[in-house]
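Presented sequentially are two complexes of subunit A, the first with subunit B as partner and the second with subunit C.
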Partner chain A sequence: MSEKELGQKWDRCLADGVIKLGTGLGLGIVFSVVFFKRRTWPITLGSGMGLGMAYANCQTDLRLHYLVPKKDQ
Partner chain B sequence: MAAKIFPVIKLATKVTLAGGALYVAHDSGLLGTSKQGFEALERARAAIPPAMEEWMKYFGLEAQLPAVPKVEFSPVQAWNSGVRTSISALSEAPRKASEYSTRGLQYVKDLAK
Partner chain C sequence: MLRACVRGANSTLRKNYGRTPLNGLQPCRHYTAGESGGGAAKVVTAGLMTVTGGIAGTILYAKWDHKFRETVEKNVPYSDRLLGLALGPAPQETGLSVKKQIELAQPPSMMEKAMKVSKAKQEKKVKETTESPIEVAKPVQPAQSLEEASTEVTHIISAISDVPSVPAPCDTEMTPVKEECKECHNHKVTAETAAVSTEIESVAAAEPLKERPVEEVTARLAQQDLDEQEIVASVSGNLDDSLASSAKATLQAIGAQEAALQAIALHTQKLKEAMEAEVPPQEKSTQWKDLEACLANRAAAVNDAGTALLKANEALDNLKSVIDKSKGRNVPAVRPLVLAAEENLHKMVVDLDKVVNKVKSAESEAKVVSQYSELVNEAKLQFQREVSSLTPEIQANWKGLTGKLSTDDLNALIAHAHRRIDQLNRELAEQRVREQIHIDAALEQQKLEYLKSQEAAVNTSLQHIKEDARLEQERKLSELREVMEAEMRTQLRRQAAAHTDHVQDVLKVQEQELKAEAEQVLSSKLLEQETRQRQLSQEQLDNFTLDMNTAYARLKGVEEAIDSHVVAEEEARKAHQLWLSVEALNYTLKTAEAGSPTKPLEVAAQAVRDSCHDNEFALALASALPEESLQRGVYSEASLRARFYGLRSLVRRVALIDESHNSLYQYFLSYLQSALLFEAKQEAPPTQLSGEDLDPFKLLSYASYCLEHGDLELAAKLVNQLTGEARRVAEDWLNEARLTLETRQVVSLLSAYANAVGLGTTQAP
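Entry: the complex of A and B
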């Protein structure tokens, strides 16, 4: 993987992290207000889930370069 | 009759709101791959300035707020630049230290003369 490609992947990872954190936070707020009487835990759970999804996506993206497709093995 | 239906309607409204928010998030690619998330961010960045201009025109705030500067920042470039600068400074440090100490000693000798 070239350094430019790696840099682009990291930029995408960070942008995705911000997006998913914001989305998780927003959805957590919606669920907290609508279903859970404005408690904090759905907001924390949503943010955590968003960050976790971003981490998993980043991990997949960075490992993709080194994975060999099944038919080539 | 109405007392029995009202909680059902209330629950249905809540489920619609929460489900709608989840659907909008999924449909706009916010919960997808990192590429989709990056594209969603780029779309939002492209859409915000015209939307802000429209709102500023609507409220008559055109002349009051300064223009938002375009920030081109790459965390990876900034980090790499920081690493290069730090390592370069560390590699130059012994030579610079020797040079400055020589100069300092020379200065003191000149003062003592």
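Entry: the complex of A and C
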């Protein structure tokens, strides 16, 4: 069902976002704790990076249908 | 220009008389501010002046130019009233009347021309009619005379010209008759040619002269024959009558003359006897009585002879007149009769003359004798007188008085007798002496008389001879004429023979020609008849074959009908089966439950295919069922409808997303839009989508409306108008809808077809 696709995409997006966010956060925390003397900026950086990656992935996923013809070229 | 002039005039007016209105107005306005009031007044007056000037100018110009007036009246509402008041009624009528006059002038002129033409024609006609009756009248009258003349002319010409159609000259009378006709007509013609010649030309020009036909000619000739025969008969009758009468008269006359002659002879004889013979007195008296009787007889006979002669002469004159008349008739057949009559006449005349001569001679003799007797009687009378003078008492009849006389008387008588004898002797001697003289005188007299008689005789004989000669001549003429006629007849006969030969030749040739023509005609007719016969027979054959063909065709038709009935029944059975299978298919469509599709249609479709394996249309339709429906089945409309509502919200959410706008931000915006934008839940779609109707929200409302009203097709069409992501999202639903629609369409077609076939009215080709 094509109408379920979008929902699925959103699910993926969300899941991916969560993962990436969590991962970024974790890595940020880790890096902040380990390398950057418990500053907050690596956490935000990591979460931001995670979020950003998630955003980009989500966008790409959503755009994928429209990008396909260009790839075929 | 006028306006300019008017304005100029106004300005001059203002210049010249501007003060007075101003002065006039000023007292009214002295309580107001002068300049301003004056200025206003000036303006007002100027405006009024221009207006009036304009109006006056338009009126004047309208008076001058009618078209301008019309335009003004048309354009400005109540100007016509104003202009009417000012100038009088619109001069349109005059213009129209002028035009009308022009137009009227044209048609009257045309009419006049037409009238003139018609008049001329009528005059011509009248002239012609007048001329024609005149001509008709004229020709009628001359025609009548012309007709007569023409008939006469035709007579003449037909008579003069050789009528070739005259039959063979077997009857010889034709030719003399013809001759006579010619002569007659020539005689007639000479009298009438003068009158006819002037008209012959016109007649010849007017009527072609026709030859009289044979029958007419023969009839005419026969008529002429008859006429001539009649004439001849009449003439001969007349002649015979007159001849007979004259012959009778002459015979009578001759008889009378002979009788008279005899009577005279007798009388003379008797007289002689009486004179000379000495008979006794009784016999003398009887003799004298006889003599007297004879004399009476003679007188009577002579009278009779005279009357008879007169009668005979009359008759002869009659005869002569009749002969002359018949001569005047100028008919040749009469001539011999005439000739014979003339001869007879001549003979009779001759006889009559002879007899008359005889009678005359006898009479002369009788005269002599009578003279002698008279002398004797005179002597006797003298003697008687003497005797009576001597013897007065004795009467004449002294011979019977022998006894009565006395002797003295006797002596006196004897003496007287002696004296008388002496006297007589003396006279005798004198007489003998004068004998010669007397004889000479008598001879002379006789000679003279003889000469006279001779002359008369000569004359009569001359006349007779002349008559004879004339008769001879006439006889000779008639003979000659006969000879000539015979010759002419022979010539004509020869001519006629030649003519008959020629005619025979011509006839032969004509016969041959006619024969050939007739044969040709016959052959052509035969051919025609044959062809017609053939045609008829062919027609009959054709008709028969046609009938046979029609019968055969009908038979065939009947057979075909029967076969087709069988076929139809078969078809009907098949159709029934098809229908059943289609119904089954239709039923399977209905088996769709709420969310799940129907059962796969494969089985039913197969059944349908089986039931219509020879029907291409149905096969095609059955094969047109989409695979999906066959394998998987189709969703029902209700499920689609339900699905649509879920779809609708999703589509609303991704309404802004398309190829170019598909970032997350756009997604967010789209979501925002869907949250903030409210559209009608259902909206009736217009019949034609315009540009603004392609907005997804609108489309969704239209589609939901359609779905609510059961129009899946239109809803699908509307959803099909979605673009971009919305379209992608709705794609599946659209496909399902399409499938359903397709299947439904096919099934409905099939069912319709099955119904139709089942009804037996249609059979797809």
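Operating definition for what follows: the second predicted complex is superposed on the first by the 66 of 73 C-alpha atoms of A that agree within 3 Å, B and C clash if a C-alpha of one lies under 4 Å from a C-alpha of the other, contacts with A are read in each partner's own complex, and residues count from 1 in each chain.
Please note the rule applied: a residue touches a chain if its C-beta (ideal position, glycine included) is under 8 Å from a C-beta of that chain, and two chains touch if they have at least 3 such contacts.
Predicted model only: the values in this text are computed from it and were never measured.
Once subunit A is used to superpose the two complexes, subunit B occupies space next to subunit C without a clash.
After overlaying the two complexes on the shared chain, residue contacts for A:M1 are found with subunit C alone; subunit B is out of touch. Applying the stated contact rule after C-alpha superposition, one finds that A:F31 touches subunit B and leaves subunit C untouched.
In the superposed pair of complexes, A:D11 makes contact with subunit B only, with no contact to subunit C.
In the superposed three-chain arrangement, the CA centre of subunit A forms the vertex of an angle with the CA centres of subunit B and subunit C, and that angle is 100 degrees when rounded to a multiple of 10.
In the overlay built on the shared chain, the residue A:C58 is in contact with subunit B and with subunit C.
By the document's definition of touching, of the two partners only subunit B reaches A:I19; subunit C does not.
Touch criterion met: A:Y66 reaches subunit C, while subunit B stays clear of it. Looking at the superposition, the partner that touches the larger set of subunit A residues, subunit B or subunit C, turns out to be B.
Of all C-alpha pairs linking subunit B and subunit C after the chain A fit, the shortest spans 6 Å. Contacts of subunit A with subunit B, set against its contacts with subunit C after fitting on chain A, overlap at residues 6, 58. Remark: subunit C residues 643, 646-647, 650, 654, 659, 662-664, 667, 728-733 touch subunit A in the complex. Interface residues of subunit A facing subunit B in the complex, by the touch rule stated above, are 6-7, 10-16, 18-20, 23, 26-27, 30-31, 34-35, 53-54, 57-58, 60-61.
Interface residues of subunit B facing subunit A in the complex, by the touch rule stated above, are 14, 17-18, 21-22, 25, 30-31, 33-35, 37-38, 40-41, 74-77. By the touch criterion stated above, subunit A contacts subunit C in their complex at residues 1-3, 5-6, 55, 58-59, 62-63, 65-66.
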